[in-house]
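Given below, in the form of structure tokens, are the structures.
Consider the two complexes below, in which chain A is the common component and chain B and chain C are the respective partners.
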Partner chain A sequence: MKNLRIVSLLFLILLVLILPFFFRSNQYGMILLTTILLYGVLATAWNIIGGMAGQLDLAAGAYLGLGAFTTGTLLLRFNLTPWIGIFVGGLVAVLFAILVGLPLFRFKVKEVWYALSSSALVEVLRIAFIMWEKIGGPVERYLPNYGSALYMRFSSYIPYYYIMVILLFASLFVNYWISRSKLGYYLIALGDDEDAAEVLGVNVRSSKLKALVIYAFIVGLTGGVYACIYGFIHPNFFSSPLSTEVAILGIVGGMGITYGPLVGAVLLVSMRELLRANLGGQLESLYLVIYSVVLILIVLFRPRGITTLLQDTFNKLFSRWVRNNHAE
Partner chain B sequence: MQNNFILQVENITKKFGNLVAVNNVSLNVVQGEIVGLIGPNGAGKTTLFNVISGLFPPERGRVIFKGKDVTRVVPHVICKMGMSRTFQVTRAFASMSVEDAIRVGAYNRHTNKETLEIVNEVIQFCDLGKLRRRKCADLGLAALRRVELARALATEPDLLLLDEAGAGLNPSELGNLMDILKEVNREKGITLFVVEHVMQMVMGLCQRIFVLDAGELIATGAPEEISQNPRVIEAYLGKRAIR
Partner chain C sequence: MKRIGIGKLIVLATTLVLVLTSCAAPQQTQTPTQTASPSATPTGKKLPDKIVVGCLEPLTGAHAIFGTEAKVGMEIAVKHINEAGGIQSLGGIPLELVSEDAGETADSAKLGAESIISKHHPVAILGLYISRMTVAASEVTEREKVILVADALVDSVTAMGRQYLFRPAPKASQHGVTAVEFVVQTATKAGQPVQKVAILNEDSSFGRSNAVGALQAALDNQLTVVYQKEYPYDIADVSSIVSEISAAKPDFVVHCPYFMDAILFAKTFREFNQIPKFIVGMGACGYTDPESIKALGDTANYYANTYSYNPAKNTAQNKKFVEDFKTKVGHIPTEAAGMNYYAMWVLKEALELSGKLFPDDPLNPDNLRQAFLKLDLTSGPAVDTYPTNHIAFTPTGDNPYARAVVMQVQNGEPKVVWPFDSAEAEPVYPRPDATY
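So, the complex of A and B:
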């Protein structure tokens, strides 16, 4: 069983690595793949605060936007390469997360209240950056150095795809590592019952803050790359729909399962994009209706996420396979 | 600690709005003993436990644990100092397996590697071997109460507060639990402070009993004394029962 897992994991890694070769001449395909991975990274990072710690965070867009603006502004003003800028962006997102997390967790803001406050942050930042003419403002600020690898401004999607692959594996690894450490056990425990966790020695406040900070760093980092992919920065990067979608992917994929959100992202984002590509023209936003219906069906029939469905199916097939092979 | 008290509660008052849930209660628990806290419904027993374990800050009074004032100390720090508890309405970690839930407690004093050993030991001690991989959400009440006890034990406390650990258990489960608790006290030297409705359990387990009624401490003494104390009988059965 363990060997089989490792083999299928290696196969998956290989597949992800060679995928672009099938899409070399297909620009749309590469955009789709990169978008899927982008959401995969964000949802995987969300799993730390949302899936493990059970905090319904709706602020991915806030950290993404901060990462994007930091990276973009550093490039525009100081000609600092995004290869460094994205890490500064991650740190700025962390700083903001601490600023927000300290009071929220201090005053035990949780459940719907946490969801609402985190969601409000995104909109507050968006408006603040529209009004802050020096850095943001209502028009796009285009990034220079198009076509320069040194400035992470590639003219093809393939390098961005591989950057997303690296980010994805990094955030999967961080997830996996946390889930096997003290912090992971503490997060799942406090997600289930904060008081019960406290009396067992769990520092609920600082554990939540750690989760938020790690999540914010990964999202901020990704935000920097996001700016380079788009080639501009704009306050609409502080996007509420994106924030909500990240949480939805995490929930539908399966909360607290390391690769659950990734599965959610792969299935749902590709479905959404394909629906949009095929229906968008004739029946505007019909794809959104279908997308929502699918979401509702999943939540109704698989409240623990589609990943558990895949797991169950896999286990069933595997045990049948074992039985057949040991029958004689 | 010159006086051997592991826990001193001094003039604790806790109110919810106008309701005085605990009224000027003082009591001491001696290192190594098993003491009980009884009283009719709504007497304030759980509230007193919540104050002691740091979940509710009291309006007045002090809680002293191992000679240190812990009145406004947060629960996880109090746990590090050596106090843990269980809950009357079980509060399992629904999405965790039994062994993972116990491991949460084990992290209180141990690093990643060592926790495995502690978990195994506690699982054996509480006889949870068959259930170790089951999800807490799928367990019945008796098993849940044992898991709560187990994860609290895994924190390696010196004082354990048990809030109605016997409620809802059948006689054989109750006997089982009492055996485990006696062993906890004797072999691990853990001081037990138990809130209990089940009289059989209080009488069989405790060396001393405190009685709370409408937030006030009305009696203290050995089980036999308590069961004959007129004020206690009155509190439980009403005034007419005395005559």
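So, the complex of A and C:
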């Protein structure tokens, strides 16, 4: 059984590594894969605060924007390579998360109030960066050195794909590691019933802050890569729609399931893009209607997430195979 | 927390590959030179039976109101070009328009650009309207050497050093200049010269570019800027700004609004009964669009706005376009539609020139780029629908002869009032309802 798992894991890694060869010179295929992975990373990171700790966080755009602006500004002002800048961006996002997390958790802001507060942060930062002319301002700031690997400004999406693969595996590993650690049990407990967990001795404030910090770091890091992919920084990177979408991917994929948000990102982002590319030019808004109907159906019939539907289907299809593995 | 079932994960990953492969696989792999051809170059190289042009506009989301009209403008232009015999220097090859929705974000714009190029291999793409989306998509068009005829007006779009990007329409700062010069000339003509101006703009890069142009023109005309404000485009209450403007007592207000904010400002000016002598919008998005007039009713009267297209230009080609657009949409062409109508004709002229200059390989992107740079149009359908009578391109991709016109709402109808020599009505100046 153990050998099978190792072989399977190696097969999975190999599959992800060779995926770009399926697309070869198809840049559209590569940016689509990269975009899906990007949302997969964001949603997987969100799973720590949203899925495990049960906090409906709507501030992914805030941390992503901070990461993007830190990386972009360090490149523009100090010619610092984004290979270092993205980590500084992650740390800036962490600092901000601590600044907002401390009072929010100290004053027990939770549930819908936490969602509203986190959502407001994104808009506050967007406006602040529009007004902060030295760093932001209303005009786009282009990132130079297109085509340079040193400045993470690749002319092909394949390197971005592999960067996203690394970030994705790191996010999945962190999720998995937390879920098996004491912190994970605390988060799941307080996610189920915060008051009960506190009575039982869980340090709610500290646990939530740790989850927020880890989530912010991953999203901030991803924000730096995001800026390099799109080639500019702008206060609109502090995006409320993006923040909501990340939470939707996490919820629809399956909250609390390690790979649930990734499955949500793979299915929903690819479906939306498939509809946009094929219907968007002719029937303008129809693809968004179809996308919304699918989301509603999933929420109505699979409130625990689409991953549970896939799990059930696979369980039926491969029941014999699974039984044989258990018998080994 | 459920643990990963590795077997399930493998199946999921395989599903991922299948989903993505079906999703991302190009649906059409023909390149222009691979298609069966009715004509050929002098050296025998086959030409395609259709020249594919991409329309990549925001057809959904906050900017869809502009993108959908831009698309209609392109469709009518392609119809007119094909009816007139297609690209004659290439044996009459017709144009074919393919459309995709660019959404409203940088990632959807970049995905759209990759997708439309991968599927259709267009010789040129028109669109994107929004500057940040143009920035993202133009990295793709540059890499793939596809001509991008942009309708985003922010000045910096042509300052990125893009080689294959051209913008026929006047840039945003020119709108700012036009707005100020129009009022200065109109006021002087009316015997009431102006000295004090208030400059307002929403906080996007477009609003800023317009305001910079207006500020420069104010300085050039030795006006005093008594009030200047940049506000969030989604502002919900403008009463304090209206009061501050009233306290500053400018002779006129130059304003770059978006859409809803224009309506809000106009209603608040009226509600507070603090109406300046004149209010002119810059950048076309605000006061004189059909949707704005519908939303404002009588309040829209006397508001003016710069426009990158002149719907009143007295040429047969323009009248034909206006009529066809009215039949299809129900109102006169908006700026987005007009800009893309003449942009398509500019592309047609470039293709014609490329066919003459580079008969062996007219659709080669470098040859087509050279043709764009060599264009010097002073007549023809493109000029007949253009705000000025001269179209050429600098190496940065802008037309140095571009200029906006000014429209004013009179009796509920938008009328072209400037430049005076091509106006369809006299500007009403000052506003009859001005309170200071």
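Please note the rule applied: the second predicted complex is superposed on the first by the 309 of 328 C-alpha atoms of A that agree within 3 Å, B and C clash if a C-alpha of one lies under 4 Å from a C-alpha of the other, contacts with A are read in each partner's own complex, and residues count from 1 in each chain.
Please note the rule applied: a contact is a pair of C-beta atoms (placed from the backbone, for glycine too) under 8 Å apart; a residue touches a chain by one contact, two chains touch by 3 or more.
All figures in this text were calculated on a predicted structure; none of them were measured in a lab.
Asks: Quick one: is A:Glu111 in contact with chain B, with chain C, with both, or with neither? Answer first, second, both or neither.
Replies: neither
Asks: What is the contact status of A:Asp193 with respect to chain B (first) and chain C (second): first, second, both, or neither?
Replies: first
Asks: After superposition on the shared chain, which partner residues are touched by A:Asp312: those of chain B (first), chain C (second), both, or neither?
Replies: It touches nothing on chain B or chain C.
Asks: Looking at chain A, does chain C or chain B touch more of its residues?
Replies: Here the partner covering more residues of chain A is C.
Asks: Just chain B (first), just chain C (second), both, or neither: which does A:Arg276 touch?
Replies: second
Asks: So, A:Gly256: does it touch chain B (first), chain C (second), both, or neither?
Replies: both
Asks: Just checking: does A:Gly201 make contact with chain B only, chain C only, both, or neither of them? Give me first, second, both or neither.
Replies: After superposition on chain A, A:Gly201 lies in contact with chain B alone.
Asks: After lining up the shared chain so the two structures overlap, which partner does A:Pro138 touch, if you call chain B first and chain C second: first, second, both or neither?
Replies: A:Pro138: touches chain C, not chain B.
Asks: According to the stated criteria, A:Lys182 is in contact with first (chain B), second (chain C), both, or neither; which is it?
Replies: first
Asks: Same chain A residues contacting chain B and chain C, which ones?
Replies: 188, 256
Asks: Residues of chain A touching chain B in their complex?
Replies: Contacts found on chain A: 180-182, 185-186, 188-189, 191-193, 195-204, 256.
Asks: For chain A, which residues are in contact with chain C within the complex?
Replies: Result: residues 4-5, 8-9, 11-12, 15-16, 19, 22-23, 26-29, 31-33, 35-36, 52, 127, 130, 137-140, 142, 146, 155, 176, 179, 184, 188, 229-232, 234, 236, 239, 241-242, 256-259, 263, 266-267, 270, 273-274, 276-278, 280-282, 284-285, 287-288, 310-311, 314, 318, 321-322, 325 of chain A touch chain C.
Asks: List the residues on chain C that touch chain A in their complex, please.
Replies: 1-14, 16-17, 19-27, 55, 59-60, 64, 68, 98-101, 103, 105-108, 110-112, 114-115, 117-119, 131-132, 135-136, 139-140, 143-144, 154, 156, 160, 203-205, 207-209, 230, 232
Asks: Can you list the residues on chain B that touch chain A in the complex?
Replies: 53-55, 74-76, 78-80, 84-85, 87, 91-96, 100-101, 103-105, 107-108, 111-112, 151-152, 154-155
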